[in-house]
Amino acid sequence: MIYIDVERKMLTTDGPRKLEVCVEIEKRELVCLFGKSGAGKTTLLRMLCGLFVPDKGLIRIGDKTVFDSSKKINIPPQKRNVGYMFQDYALFPNMNVEENIRFAQDVKKMDEVESLLHTFQLEKLRHQKTTRLSGGQKQRVALARAFARKPEVMLLDEPLSSVDFELRQSLQNEIIKSHNLFNSTTVMVSHDKDEIHRLATKVLRIGKEKITTFENPTNL
Amino acid sequence: QKVRVAAAANLRYVLEEIKKQYEKEHPKTKVDITFGASGTLTQQILNGAAFDFFMAADMDFPNALKSKGATVGPVVTYIFGKVAMWSKEVNLSKGLNAVLLPEVKKVAIANPATAPYGENAVNTLKKHGLYDKIAGKIVVGENISQAAQFAFTGNAEIGFIALSLALAPDMKGKGFCYELPADVCPPIAQGCVLVKGWERNGEASRFMKYVLSPKCDAIWKSYGYGLVKR
Amino acid sequence: MSSEFIQTLFLTAKLALSTTLILFVIGLPIAALLAFTRFRLKVIFEALINMPMVLPPTVIGYYLLVAFSPQHAFGGLLERWFDLRLAFTFQGVLIASVIFSLPFMVQPLQNGFVALPKSYREAAYTLGKSKMETFFRVLVPNIKPSIVTAIAMTFAHSIGEFGIVLMVGGNMPGETRVASIAIYDEVQSLNYSTANHYSLILFAVSFVLLVIIYSVNRHFRI
Amino acid sequence: MSSEFIQTLFLTAKLALSTTLILFVIGLPIAALLAFTRFRLKVIFEALINMPMVLPPTVIGYYLLVAFSPQHAFGGLLERWFDLRLAFTFQGVLIASVIFSLPFMVQPLQNGFVALPKSYREAAYTLGKSKMETFFRVLVPNIKPSIVTAIAMTFAHSIGEFGIVLMVGGNMPGETRVASIAIYDEVQSLNYSTANHYSLILFAVSFVLLVIIYSVNRHFRI
Amino acid sequence: MIYIDVERKMLTTDGPRKLEVCVEIEKRELVCLFGKSGAGKTTLLRMLCGLFVPDKGLIRIGDKTVFDSSKKINIPPQKRNVGYMFQDYALFPNMNVEENIRFAQDVKKMDEVESLLHTFQLEKLRHQKTTRLSGGQKQRVALARAFARKPEVMLLDEPLSSVDFELRQSLQNEIIKSHNLFNSTTVMVSHDKDEIHRLATKVLRIGKEKITTFENPTNL
């Protein structure tokens, strides 16, 4: 489903380093990215959805080559059908909660918006400005917005880091449910070992070396 | 019908009266007047401003227009204009030499390059050896009525202005006025001419004839102009 | 109030409104171009766009006079082909005013766009929205205060326009005699009461306008 | 180049620089006041600050001419007490220019301040920093693009000043005859070559200035 | 040390609600706030440091009354000697990592800056613009900056939510160490039960009712 073989320079906590990744992710897999702060998890997701350009390499999503440095191919994010939830949410301040979610839909369906609002416990906040939400509430709006588009490939950057324990569990279930329902391929960043245990079918550890193999979630 | 007149700034009050009288006699005609320095108006006509009739403050500017082919018909002298000194507070009984008084800090004239009245003032001052002595005091208005306004507001103690402006009802008796005698500064022959245009000249030449006719003599005289001998 | 007085005010409003409208339509894409794209010679382009701000109105007026003159290429063309002469006409003054006020529309809009976090655009792109849709639904609505400022500044600047109008417009009643020119004229005629009259009306209208703008603007602030 | 020509350009630069400097010093606190505080009648105050933008320069010029006149209270006072007369002097034109350009300094600065996230101020406060220190070390450095715009706009606007100077300046060489007036004069006198000369120089200088400003500005963007 | 008895209206996931708190926190206590997303944890911290004004009530810190609605006392944040780490970091973009930390010091001491940079593993990033940091790196700069001032009372809003497991443990130790070293009173928000177990001397659960009593960390 996703084939990625790229490299990109980064400045990290240990000085400048090259992020090198060469893996293939099967369809319907739920891969968790795991690694130190500043290791390059967000960088990898951004390369997948087209917001960062790798220094060189190749990315294929489905049977479409979205990036190939040798052939100078670089499909823009709009055309990749990849959903991406930002680590810092990137909500639109000119829209309220409901509008943020509605804006994301390709086909406007009000009942789906309702069900997303319900799932993420945002019903009472639907008319609230996004600047007037608590941290965890913003995170949920960002997550709901990413789901609203029902993309083939879903990239989630620490989607649940700021929600409380109970909510976290119920939202984990939602992620799995949607993942199965839409037949998506999901790549998600998490620092929480329990969460990885519960959700991941495979784990990718982002370390200092070139990343080529998956780990088993149970071996973490 | 409309007549668009470009008129030198010294005509500001007279021409308004003539216009009123004309419009009363010819109720279907509207006279639009734009006042400015003769040079400014010349420049505008050369650049295609839609005027029908040009009334200048001297003969040179209309002749210049004629030589550039922007006019129809001859340049005609319509009146003689006179220069006056005007002051709100300084007694002008000394005549021209009043400009040397210590309490005179600023002397207003019109821009000599574009306004004949300004040019005349400068020439007169030079002729009497005064110009260099007061060069630092001279402030220049864009045209003669701005120079007058500098004097009337008291921002300049003395202004060299057109006698016609000093005699305007608004100004009369509000300060000291000294009419420069003919030997100090001879009256200025002012010329008018029809401007080349599409086909709006019919009404304009009627207005030109009117301005030159005896019907206006009384008005011209009341503003201190010297009439042309017919 | 005399009919001439009303004519002058009407003309002033017409000029300012037309200028603002035209500039909003061409200013928005220019501002976006300057804010979001990089190209060689961009600095040159940006400087050119902002030239009218730095140049004295009389310089612009002079060059326009030259351009409009039937003796020169552009003016000659207009005259021969369209029987059009721009100097001392409303159209000519409008062109001058549009050129003159261009930077006052572009600058605030551009500053607004530049200040937007990049992530708004990125988020819209990953939601599959085209550049157009992103622009009109995400970027433009988030710079409303800048839009209000840009429109207010442009409108204001056109009302205050004097130097260029004096040079390329002259003082033709009903055609180019806008309020700023009329006031100058009235002051010279020592018609202080009329000058006062104009000034007070402009003062009052401007003041009310600004109070409305700034009250409205407050609600846009996010 | 004639010495008169150089004198005129020098005067123009002097006026623009002085205006910009004075306005930066008084504009920064005014902009901060408008951006960060709330008080009753703020809209009124804001509208007043911005009036000079909307009013034609001739209106301002007219009122200044009246105020400066020794026949009136203010002008008379200056004359009697300080033996100072403002009409037709550099100081008078400078005062006019400062009033005229005020909103062009305040507006961009205010917009810059308003766009800053509130959390910058809050964070500095919880770190025990006074309002002064927060202002100069956190807020001002984070609106550098707005500062550049404000300074550029003000400088530009003062160079372009024409209407007011025409009304209160009196066209005195070396004192109030700035470039915009000189060009107007030359064009009216049909001295097109001199007008061209001035215009070209101003065009070139402005262009270089703007290219520098926009190149520098790019590095400030965060 | 801290006495707080306030109420403030909020709009929450379940509609408008009043946040009511009446507790006293002893000196040198490390209190963890725990509760649902949007329950009012951040609101409580912001009232303590003076960024939100309670609708009514009284706050005493040390022997100073910093807020009293009946006497119209409201000491501004600058004068409360309370350190506050923002949930969304609020780093200054005009300063680099090192400058952000140095700016916070009341008394400029370069060796302390060095030791903070070392503790939070930011040495190699000291000259990096804060806009070019990863999520976890930003969080660490915010934390280091809050510590740089050595305040009597330290308020931390989810200080470690975005850092990886290993780093999290070592930074938890740092929080305890500084807490002890400076004799601070710390109030900290966390969603992580293990973290609360390790750090908290007392726990305050922010729920729907008026908050008056502490819980024991081990009973969570």
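Here the chain labels run A, B, C, D and E in written order, and each chain numbers its own residues starting at 1.
Keep in mind that, in the parts below, a contact is a pair of C-beta atoms (placed from the backbone, for glycine too) under 8 Å apart; a residue touches a chain by one contact, two chains touch by 3 or more.
Only a predicted model underlies this, so the values are computations on that prediction, with no experimental measurement involved.
Asks: Which is the least count of steps on a path of touching chains running from chain A to chain B?
Replies: When the steps are counted carefully, the minimum from chain A to chain B is 2.
Asks: If I average the CA coordinates per chain, which chain comes out farthest from chain A?
Replies: B
Asks: Taking each chain's centre as the mean of its CA atoms, which one is farthest from the centre of chain C?
Replies: Looking at centroid distances, E is the chain farthest away.
Asks: Based only on mean CA positions, could you tell me how far chain A sits from chain C in angstrom?
Replies: 45
Asks: Take the average of all CA coordinates in chain B, do the same for chain E, and state the distance between these two points in whole angstrom.
Replies: Inter-chain centre distance comes to 81 Å.
Asks: Please report how many Å separate the Cα centroid of chain A from that of chain E, as a whole number.
Replies: Comparing mean C-alpha positions, chain E is 29 Å from chain A.
Asks: Cα centroid separation between chain C and chain D, in whole Å?
Replies: Roughly 19 Å separates the two chain centres.
Asks: I need the residues of chain B touching at least two other chains; which ones are they?
Replies: Counting only residues that touch two or more other chains, chain B contributes none.
Asks: Considering chain C alone, which of its residues make contact with at least two other chains?
Replies: 65, 187
Asks: Can you list the chain E residues in contact with two or more other chains?
Replies: Answer for chain E, listing residues that touch two or more other chains: 88.
Asks: Among the chains present, which pairs are found to touch?
Replies: Those chain pairs which touch are A-C, A-E, B-C, B-D, C-D, D-E.
Asks: Enumerate the contact residues on chain D facing chain C in the complex.
Replies: 43-44, 46-48, 50-51, 53-59, 62-63, 65, 107-108, 111-112, 114-115, 145-146, 149, 152-153, 155-157, 159-163, 166-167, 178-181, 183-184, 187, 192, 195-196, 198-199, 202-203, 206-207, 209-211, 214-215, 218, 221
Asks: Give every residue of chain E touching chain D within the complex, in rising order.
Replies: The contact residues of chain E facing chain D are 49-51, 76-78, 81-84, 86, 88, 90-94, 103-104, 106, 129, 131, 145, 149.
Asks: Name, in rising order, each residue of chain E that touches chain A in their complex.
Replies: Touching chain A from chain E are residues 11-15, 34-39, 41-42, 87-88, 121-122, 124-125, 128, 132-137, 139-140, 157-158, 161-168, 191, 193.
Asks: Applying the document's contact rule, which stretches of chain C touch chain B when the two form their complex?
Replies: Answer in residue numbers: 65, 68-70, 85, 87-89, 170-175, 185, 187-190.
Asks: Quick one: which bits of chain D touch chain E in the complex? Just the residue numbers, please.
Replies: Counting only chain D, the residues touching chain E are 117, 119-120, 122-131, 137-138, 141-142, 144, 222.
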